[in-house]
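Common to both upcoming complexes is chain A, partnered first by chain B, then by chain C.
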Partner chain A sequence: MVATPNGFDLDNTGRRVVVDPVTRIEGHMRCEVNLDENNVIRNAVSTGTMWRGLEVILKGRDPRDAWAFTERICGVCTGTHALTSVRAVEDALGIEIPENANSIRNIMQLNLQVHDHIVHFYHLHALDWVNPINALKADPKATSELQQAVSPSHPMSSPGYFRDVQNRLKNFVESGQLGLFKNGYWSNPAYRLPPEADLMATTHYLEALDLQKEVVKIHTIFGGKNPHPNWLVGGVPCPINMDGVGSVGAINMERLNLVSSIVDLCETFVRNVYLPDLIAIGGFYKSWLYGGGLSGSAVMAYGDIPENANNFDPAQMHLPSGAIIDGDLSQVHEVDVRDPEQIQEFVPHSWYSYADESVGLHPWDGVTEPKFALGPNTKGTKTNIQALDEAAKYSWIKAPRWRGHAMEVGPLARYVVGYASGHEDIKDQVDRLLTTMDLPVSALFSTLGRTAARALEAEYCARLQRHFFDKLVANIRNGDSSTANVEKWDPSSWPSEAKGVGISEAPRGALGHWIRVKDGRIENYQCVVPTTWNGSPRDNEGNIGAFEAALMNTPMERAEEPVEILRTLHSFDPCLACSTHVISPDGDELTDVKVR
Partner chain B sequence: MHASTAGPDSGQAGASPRVLVLGIGNLLWADEGFGVRAAEALTERYVFPQSVSVLDGGTQGLYLLPFLETADALIVFDAVDYGLAPGTIKVVRDAEVPAFLGAKKMSLHQTGFQEVIATAQLVGRCPERLLLIGVQPVELEDFGGGLRDAVAACIEPAIDIALEELRGYGIAPVARERAVRGDDPLSRQTYEGGRPSAEDACRVGDARFLAGQEL
Partner chain C sequence: MNTATETFYEVMRRQGITRRSFIKYCSLTAAALGLGPSFVPKIAHAMETKPRTPVIWVHGLECTCCSESFIRSAHPLVKDVVLSMISLDYDDTLMASAGHQAEAALEDTIERYRGNYILAVEGNPPLNEDGMYCIVGGKPFVEQLRHAAKDAKAIISWGACASFGCVQAAKPNPTRATPVHKVITDKPIIKVPGCPPIAEVMTGVITYMLTFDRLPELDRTGRPKMFYSQRIHDKCYRRPHFDAGQFVEAWDDEGARRGYCLYKVGCKGPTTYNACSTVRWNEGVSFPIQSGHGCIGCSEDGFWDKGGFYDRLENIQAFGIEGNADQIGGYAAAGVTGAVALHAAVSALKRAQHKPETDTSGKEDA
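For the complex of A and B:
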């Protein structure tokens, strides 16, 4: 038994369960746990099995183009990476953006939050709680009654509607094309919903698909195209021309009306479908409050959604910022992303090498030198690892720390920081939810709490979208149509050396890009992404990362069916595409679960 | 259930089917970018009628669903692992397409894309005809790299297969007099031409997949 400095007792003597890859996430991840005789997790090892080399791809490129490269890191956070990248370059070169650009960027970022949270809940995470096969047994009439009880204002609730969906689902499953649902453990007792709740939630899975295609149109309006919208250092690439009709790219009244209707759609769906579903589904899992991990002791947020352009003062941002450590919620520490003593990345357990691995490096001085080597206690071979040796290097993810602490980031971290710092909107939302569900505040520190915080945040972000839409329209009416500041577009106006940092709150958590520019080119570029924080391996002090901590002490119904492991890992919405590189050697994506 | 019903307009007599030509893959990883580059080359050199959209799908997953839902036929360019000689083109049709993508996935975006097809089928709005034009890559383990010669040489014949398919739908794209090149930093010319040297930027990755040597 080993006690970690961050408060966990690790025991790796029991049976080892290996899940590789973890499915329904973006990117590639492996997880190993040890179970005691009662099937309770007593040791957890989380591994990013890919490395994407983004830092080296950007070296030597034009900083004004960095956003376009970062947008290609993965298929999910395109916009957030682009936003963070232009902010980093603007910070380095001292470029201030116009107010309209701030409002438009906020609308895009908030839209991405809402969209991503909905997609995550219905398309990636729901299947950890909802059993679509069980939905086939539901009575459509009883489902209709359930729907009207949990959300009286949602119009799609007739028995006939649910019967149609059930039939469609039945045809799909009977065709043997289980495709979407193939990696499920549908007979596992960890699933607790009655068939009617399963049918209702599966139906909303389909409604969410219809919604998302409307929601993303905002990116076409402001970014010119979708997927891969355009971004611009100095502002946004769309001019405003209120008198224009049908011109390509320019923002006119017709386009703003479309934006407004999308904002409405987001608000309505979150209010009538997402939140009621969370409460209804969560109600059946109130006794399953595992998976808290670091959420009650060490959480961090950088903050985002500045009210006014170019002002990243924590008091001026709508999404909270700060750090909580040692479980002391009475104190929210200020996070300074420039301070070399605060954020540091360590690699003693990561497949990279530093000249001196006993120290951590601030991202401005970050080094990304890949070095793959397995520890002496690894079981298997280099190409077929049966069990990793977590005492040695074991992940392609670095271990970032804030003042030496492993931190959880993401919606729950933001909500814990917001709650602790007295953020009124957040406090109000959380208190209302806890009252409705009849749960204590401590219930937040759980897998379900992470899932709930995401839904609350979707509601808050949908409301903020409206705020910035109104602000944008008011500003344009006042005669300000400026969307970009191109004074420092020409590299001849730049200093020969500069460094900057861009921060944002991505759907998955705190995101930072640190850049050094030399003679007009990128000299060093380091991204510390949310999943680097959450999926981090151990550090030189032996602190385990947030995924690892969250898996600890969770009982499993069946060792060979990792429903509980997936449920908790998915609650973080892991995105390993950007934290890490590739592919199981045989290309097989079916999850392999080994119990040894 | 096989490929399901197409969109609402597909029944119109005489109207040409709506075709989505989609390039998928990650252009930051050498030959993984084949699909995107093939789509790019197609737009640079041809003008299409309104019934055809050519799209750089990148590594997007469900974001691509709306584009599929409004198409009667789908043509996909992608780098895929058939275990063939590098630089070989392989064409797969209809029901074989999702099955293939599921059998031998080479990269992340294929998981995503297989799911997009399955989802389109679940909602009953999957293109009726599917054509996958795949190329066996030479090199993937080259971060920031461009297409290898053998794969770049497949763009021309891959485009010809797509054009032939379009002609089969009664669609005749018009060749531009001169290719139109964008100034996008990720366009193939700019991306490959502006690459830093190997000394400046390490180009390799995971040793397990490079050498495949035993411990």
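For the complex of A and C:
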């Protein structure tokens, strides 16, 4: 038994269970746990199993191109890295963007939050709570009654509608080709919904699949495509032309009307479907409040959605910022991403090497040299790992720490920070949900709480889309059509050396990009992303990361069926392509091929 | 392409399994799903009928933008593809099971449909560090790829990663990320490049294969001609502005607001083969150029290393009108009044019409 500094007792003596691949996530991940004789998780090991080296690739390139490279870190949270990148470059070069660009960027970022949260809940997470096979036993009439009770305003609620969906599902199952449902854990008692709730939620799985392709059209309007819309250092690439020659090819009334209709669609779906589903499903799992991990003790947010352009003062950002440590919710600490003492990355358990691995490095001075090596107690071989040795290096994810603390980031972290700092909208949402579900505040610190915070945030972000749409229209009405500032577009206008940082709140949590520019080129680029925080391995002090902490002490119904592990890991919405980034600093040669 | 797909039942009989065992298998399947005995004959019947084409969708080094694009498909809707057209038997991004059960689903599909399933690959395998820059089930992804490819009927390389390498293969390619066709050399491979490809192009390729039971016609580099045989520039609605010498000179300038050609701010449309300017994105809502940014050429091999995204195309053989475009731009910039601009545009148009078209026929399927 080993006690970690952040308060967990690890016992790796029991049966080792390996889940690899962890599915329904972005990227590649492995998880190992030890179970005691009662099938309770007493040790957890989370491993990022991919590395792409994007920051190595960025070295020597044009900073104005960096958004496109970093956007390809992740196609699920598409655009959020690009936004963070242009902010980092603008910070380094002292570029201020027009108000319209701020509004459009905010609408795009909020739109991503709404889209990502919906797709996560229905398509990546729901199958941890919902049993689509059990839905075949539902009475469509009773399902209709349930639907009308939980969401009277949702029009798709007739018995015939549910019967049609059920029949389709039945044909699918009877075909014997279960596709995505193949080998699911459908007889596991961890699934608790009655058939009617299963049918309702499975129906919404399909509705949400249809809806999400509409939601992203806001990205298409402003950025030309989704996934991976286009961005621009200095503003946004889409010009505004309301009634001049050629306005048909710019942001005009027709485009704004389309944006507005999608904003409505987002608000309606979240209000009529997503939130009611959360409450209905959550109601059956109210007693399953495992998975709290670090959420009640160490959470962090950088803040995002600046009300006014170029102002990242926490007081005027709509998504909250701050850090809570040691479970003390009465104190929200200020987070300074520029302070070399605050954010540092450690690698003693990561497949990278530092000259001195007892210290952490701030991203502006980050070092990354990949070093794949397995510990002496690994079971298996280098290319056929049976069980990892967590006493040694065991993940492609580094261990970022805030003032030495392992932190949880993401919607729940934002909501805990917002709640603790008295953010009125957030407090109001949380209190109403807890009252409706008859749960205490402490219930937030759980897997279910993480999932609930995401739904509340989708609702809040959908509303904020409307706010910034109105703001954009008002600004245009006042005669400002500017969308880009090109004063410092030309590299000859840049200082020979500069450094900057861009922050955002990605759907999965606090995201930062740190850049150094030298002679018009990227000298150093470093991203510390949400899943680096959440999926972090142990650090030099032995603190476990947020995924690992959340898995601890959870009982499993069946050791061989990882429903509970998936449920808790998915509640973070892991994004492994994001987390397994790194930068190679000056002088360390990964390969002898020269960049450019 | 293999024509007749065997049914489950035929496969089982071929493997020497009796009818009695087959029915028992059906009972077990029903029981495993928690379904009553009334489902047994239905499952048995389905297994004796021609199955939906199984698809195994594996993920290497990638960002999942291809999967995200795929679910954006409007015609057909992706729910119809997944429920009624194909059987997506393994896809670690969407499947319910994980770990051993996920690996079992993969093995079961390979075993049962040997030679009859489509392998869809998103991302690519890194070859450095014995492949351990991308690990699936404790082993290098490249092993899973080779294993799944061995008995596939055909392979679809989704997106720029699988087709060409994409961003992780950009210089210096630290992981030695390698496109699929350089690892798998004995199977038909359809490349569907783009970062990501357009949703309806993706579902279009799959449904073409299901509908006509053959591979789409491919160009020399393995891309379906139906979507990749023409350059974005050739079908761009802003092409008249190019021909008229009307260019965006700086972001958000008058030309940008009027929807002029983005060539001078780096548009790669003239060298990019894709369907963006015709099919367009997200149910035809827009495409990059329509929303004011140049094409970055994301469906072209090595597009990350072909100069900056804002550098004007130069010395590109396939383009060959660099000099003319400069002159055209010069005329347009000189024109201050409408009349002068009009005159310049007309003369520019004449020049453009006289430029040698050396780049059409031979490059159509380059």
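Brief remarks on what is shown
To be clear about the criterion, the second predicted complex is superposed on the first by the 573 of 596 C-alpha atoms of A that agree within 3 Å, B and C clash if a C-alpha of one lies under 4 Å from a C-alpha of the other, contacts with A are read in each partner's own complex, and residues count from 1 in each chain.
Criterion: contacts are C-beta pairs under 8 Å (C-beta built on N, C-alpha and C of every residue); 3 or more make two chains touch, one makes a residue touch a chain.
Because the structure is predicted, anything quoted here is derived from the model rather than measured.
With both complexes brought onto chain A, simultaneous placement of chain B and chain C is prevented by a clash. Comparing chain C and chain B on the residues of chain A they touch gives the larger count to C. In the superposition on chain A, contact of A:A392 is made with neither chain B nor chain C. In the superposed model, A:M253 makes contact with neither chain B nor chain C.
Of the two partner chains, neither chain B nor chain C is touched by A:M156.
In the superposition on chain A, A:D65 makes contact with both chain B and chain C. Applying the stated contact rule after C-alpha superposition, one finds that A:E369 touches chain B and leaves chain C untouched. In the superposed model, A:F222 lies in contact with chain C only, and not with chain B. Once chain A of one complex is fitted onto chain A of the other, the partner contacts of A:I57 extend to both chain B and chain C.
With both structures placed on the common chain, the touch criterion links A:T378 to chain B but leaves chain C unconnected. Residues 26-28, 49-54, 56-57, 61-62, 65, 68-69, 72-76, 78, 119, 123, 168, 172, 175, 177, 179-180, 206, 209-210, 212-213, 216, 226-228, 370, 372, 382-383, 396, 577 of chain A lie in contact with chain B in one complex and with chain C in the other. The residues of chain A lying in touch with chain C in their complex are 18-28, 30, 49-54, 56-57, 61-62, 64-65, 68-69, 72-76, 78, 119, 123-124, 127, 133-134, 136, 168, 172-187, 206, 209-210, 212-213, 216-217, 219-230, 232, 234-241, 244-250, 258, 370, 372, 380, 382-386, 396, 481-484, 486, 489, 560-562, 566, 577, 584, 590-591, 593-596. On the side of chain C, the complex with chain A involves touching residues 8, 26, 29, 32-35, 39, 42-43, 45-47, 51-52, 54, 59, 61-69, 71-74, 77-79, 82-84, 86-105, 108, 126, 129-141, 143, 166-168, 170-175, 177, 195-196, 199, 237-238, 250-252, 256-260, 276, 281-283, 285-293, 296, 298, 304-305, 308-310. Those residues of chain B that touch chain A in the shared complex are 1, 26-28, 56-66, 69, 81, 98, 102, 104-109, 111-112, 114-115, 118-119, 121-124, 140-141, 143-144, 184-186, 194-197, 200-209, 212-215.
Residue ranges on chain A touching chain B, taken from their complex, read 26-28, 49-54, 56-57, 59-62, 65, 68-69, 72-76, 78, 119, 123, 168-169, 171-172, 175, 177, 179-180, 206, 209-210, 212-213, 216, 226-228, 351, 368-370, 372, 374, 378, 381-383, 396, 577, 581-583, 585, 587-589.
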